[in-house]
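Below are two complexes that have chain A in common, paired first with chain B and then with chain C.
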Partner chain A sequence: MLFGKNKKRTFVLGIDGFPYSFLQDRFIQENMPKLSSFTKQNLTKRMDSVYPVVSSVAWTSFATGQNPAEHNIFGFVDRTPNPFQITIPTARERRAKTIWQEFSAQGKKVIVINVPLTYPPEQVNGILTSCFLCTDINKSTYPADFSGYLKEKNYIIDVDAGLAKENKRKLMDELFLATDKRFEIALELFKNKEWDYFQLHIMETDRLFHFFWNDLEMQGEYYPDIIKFLAKLDTHIDELQNKLNDEDRFIMLSDHGFCGINYEVQLNAWLKQQGLLKFTNGSTKLPEYHKDTVCYSLLPGRIFINLEGREEKGTVKKSEYQNIRKDIKNRLLNFTDPATNENIIDRVFFREEIYSGPYLDNAADIIAHPKRGYDLKGRTEKTDIFEKSHLNGMHTYDDAFIYAKNCDISKIKSIMDVKKAILTN
Partner chain B sequence: MKNLGETHKRSILKATSWRAFGMVATTIIVFIFTRKIALSIGVGLAEAAVKIILFYLHERIWEKVSWGRVKHPLSEIPLKTKLTQQDLTTIRNKLKELGYAD
Partner chain C sequence: MDNLTKLENESIFIIREAYYQFKKVAMLWSIGKDSTALLWMVRKAFYGKLPFPVLHIDTGYKFKEIYQFRDEYAKKWNLNLLVHKNEEAMRHGVGPDKQKLTCCTELKTNALKDAIAKYGFKALYLGIRRDEHGIRAKERFFSPRDEDFEWNYKDQPPELWDQYKSKAKDEEHLRIHPLLSWREIDIWEYVRRENIPITSLYFAKNGKRYRSIGCETCCNPVDSDADTIDKIIEELKTSTVSERSGRAQDKESAYMMQKLRSLGYM
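Moving on to the complex of A and B:
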């Protein structure tokens, strides 16, 4: 370069589901000394996630700096109202520009690895490796031939979550392996490729807390493995940070916090019990709901009114819409755990109260946010409202964290604010 | 999408530096033929002034011509892989295992 080098690079490390409150915990301070040392530097803060608290929505909100009604991602599953169909949103449905697209358009080089909802891979000025939604490593990258390098390295797109039911030991081993591989690939690219914006996403923390939370909280069988995993992650973070230049921006963040699950709450079973969701002739598949249905739910806590003129079998009149929403809201706020008489639902929003943008009409009419410990699900064949499963950790809204070096995060309140902070300072 | 071409400032700076070289060359050539220093400098300055304007105009005209220009990869709509029904089924099963779909 003729006139010397003057480039401020940005490295973003996403640690999915890592709670801010952990950073204050003695357990983390002892086992993750590097990560917890950041809190002492006053460069770390707590931030909010988005509603609903789901990784695909949260990371899309991070990447676009927009709310769901602007970027059009509302959950891992969605629906089209007419004809009624359950859909799986992918990167194709995202309707706002991501931070790596913005950098690419400025001619800057980007490397993006494993960020949720980056499948199918999009064209960038650099390299993009898709998230766990990718079904085949051959289809996982842009440019397409980069997948050959991943295969050579025995890269793992995601652990086999099915092992949580069959072989938790093997799942734990895969978590170690997948994390090591991701850092190995990232550090090689870091060294060998030119980049201005680098984002590496660690999904394994989310899997760890979903499937091993009880072991963590109750010091169960896998407690020593959890300590080992977190200590290893801390070593990777340390190694990565040591490779950055003093002037580089280094941002670490999570998209939500975590807590234990008392019960999974089947919201559609509750709606059936309330007489608000009905099925014909013994069928329990959501697309076959009876036309007299008032509303139905998609996880987590998204409730759609069976509105006339919008839904395929819509019968709720537009004139009744507001009163019905108010009625459902009241019922949700009075929905209690019969064992303890505690409220299940913490907050209930009408969509326009938390979202604004051109895709507002695609949002659920009501968004229910649960109290800690009650994980909202939406299976329609269930009659029992309260259940337990192999999942024992759930997401929390107000306990995500952000750490930033060479970037002012003082104005950040939620994950939606991070993109602006990166692009403006 | 904004075309990643030259700014006006860069075109002007390039035109100026090029003409500075050109002016020195013209002055030297005229001096070799005429041995008149004032005339040589005069021709050099006049030529530089005229050609600097012409070069700037010429650059801006070419700036409007896209033929032969290497396009930034994102100047077109990003390509996206079409998902098959099988892909979607696999994704859905995976989401079920993770508790993200019912």
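Moving on to the complex of A and C:
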């Protein structure tokens, strides 16, 4: 083969939160005919996400091919134990090499658009535009002056999710706009820039399912808009696929599935009720918890023991740690929905059971994974455990999908395995 | 020369140099320990008679002790005190109970922008210090801001061998940071040496004191029994807690939190 010719390029299209089961549904076959036909031509599989099931953790696991104790991203929020402080992990906290860094190191050209947890933008051999955690479009790209192009294109980093409460119509319009813009710039870069690895991330599907799941399931007010949105997405995917060469690798994947919400479950309110989390002086801010607290939770389902010597106000003795974890695990497994008597928690893990690596100590001590329909939350000011909000879709663990052309994905079980499959075949 | 005198000399040199360059200047006074120490040095630099106004950006959410202190010493020290508020934002109900970031942006940043435009200041004295905060470590003594208030910290004059670039383009204003080299403990030792009056909020009451003061709604006291300057200095020698730990999140994380909250992730 001639040097430089026929080199195998890789295009990865991330479709956030798009469930495998949905892809198999007649609804999608009818409304996204192109996508459906692709998934019949090439291997398409169901795969697992990671715990806890949130996009920042899942996409970092995809990009690094490693588990959270190796890449150090455990959720959208985190805490430093001493002094106690709530923090928001960004790409600064990522401790493992991403696939675009690997390609860059090999001298290959990369383009990365909008992948979760890519703010602040890092140096790559090509172009990177940050995800929705970016505060300012001027600071959203590598190289820095590339943001000028985004502004020129009226690109938007993200929709305003605050609209879900005030103006869902406007939110729907923004979902269309954001998706169109992403494909618009992706296709231009596709054409005008040289690249070996291209990753485009569509976040809007996740937003759509979070805020419009009921409309989808119950054929509500926005049902026609959802169909229109998915049809538009289908057209974009088709256009993209048509531009690829026959020998290019084309991978599409999601990071988790989706299902409807019965209840949001305020785990800290439950911990308070169990007497495990305590506040004094009327304050209910997490950093002001009382020192007699046994444990506290960060969303979703991450429980930290108030361990002496580690936490600022730690009082739980190291010698009691294992027994206390077992006790909390038992309580979680017996935590039921008073209306139906059904269990709320599906699985409870001690951190070392699901993670291994140098950053294990930064993980929560216990990770609780809920049954479908019970969305675990972490507010501390709440007294009601069960709530409903304007969110009506939640993530599922075992229903992500992956599709690949010119890449062997037969051995992939979870999103952590994808990087290896791309780099080795 | 002892350390404090060296620091004071450096600061006073910068204060005078900047005034010589700009004339149309003002000093930002938050009534906190740093800007009060700065005010002390400014008074020394001009022999007790300030040739420019002192500007207080009032969010309306300051502690009552701060307002009392401000009014008392503005009078005692014969200051030309300008108090500026973003009254329009206040009328529209911007406040810390709603969105913290919008609140800071409107009541602090935009209020300051307003004031600069209104009075036509070319330069502002600020009492920030390098050791306060990661991003402040990158600051310069003379630090330009463009018309959008943006600070391009990757494109700053180098300030080697104490040569300062103290000129600004027409559309810019310059921030002057005479206290950049001071540490928190230096400020307190200076306050003690010079006997500078300081608001009572810094001194412990019922096991708590404020170590860094902003708006009443967005800062928390730290655990402390230091109720005198001597005790504060002793405490700082052993403390591992960061000075601004009681302050609400920085702008960037405040934005991110707002974002995550709207997505139901917080």
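FYI, the second predicted complex is superposed on the first by the 419 of 425 C-alpha atoms of A that agree within 3 Å, B and C clash if a C-alpha of one lies under 4 Å from a C-alpha of the other, contacts with A are read in each partner's own complex, and residues count from 1 in each chain.
Here, contacts are C-beta pairs under 8 Å (C-beta built on N, C-alpha and C of every residue); 3 or more make two chains touch, one makes a residue touch a chain.
Fair warning: this is a prediction, and the values are worked out from it, not measured in the lab.
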Superposed partners chain B and chain C on chain A - clash or fit: clash
Which of chain B and chain C A:A161 touches, first, second, both or neither: both
Partner chain in contact with A:L299 - chain B first, chain C second, else both or neither: both
First (chain B), second (chain C), both or neither touched by A:K45: neither
First (chain B), second (chain C), both or neither touched by A:L133: both
Partner chain(s) touched by A:P83 [first = chain B, second = chain C, both, neither]: second
If touched residues of chain A are counted for chain B and for chain C, the larger one: B
First (chain B), second (chain C), both or neither touched by A:R92: first
Which superposed partner A:Q123 touches (first chain B, second chain C, both, neither): first
Which of chain B and chain C A:Q101 touches, first, second, both or neither: first
Which superposed partner A:R372 touches (first chain B, second chain C, both, neither): neither
Colliding region between chain C and chain B, picked from 4-12, 22-30, 58-66 or 94-102 after the shared-chain fit: 94-102
Footprint overlap on chain A, comparing chain B with chain C: 54, 76-77, 88, 90, 132-133, 135, 158, 161-162, 164, 207, 210, 299, 377-379, 389, 391
Residue ranges of chain B touching chain A (in the complex, touch as defined): 1-2, 4, 72-74, 78-81, 83, 86-88, 90-92, 94-95, 97-102
Chain B contact footprint on chain A (complex, rising order): 54, 76-77, 88, 90-92, 101, 104-105, 107, 120-125, 132-133, 135-136, 139, 158, 161-162, 164, 207, 210, 268, 298-299, 375, 377-380, 389, 391
Parts of chain A lying in touch with chain C, wherever the complex brings them together: 54, 76-77, 83, 85, 87-88, 90, 132-133, 135, 138, 158, 160-162, 164, 207, 210, 264, 299, 377-379, 389, 391
Interfacial residue positions of chain C with respect to chain A in the complex: 150, 241-242, 245, 251-253, 255-257, 259-260, 262-266
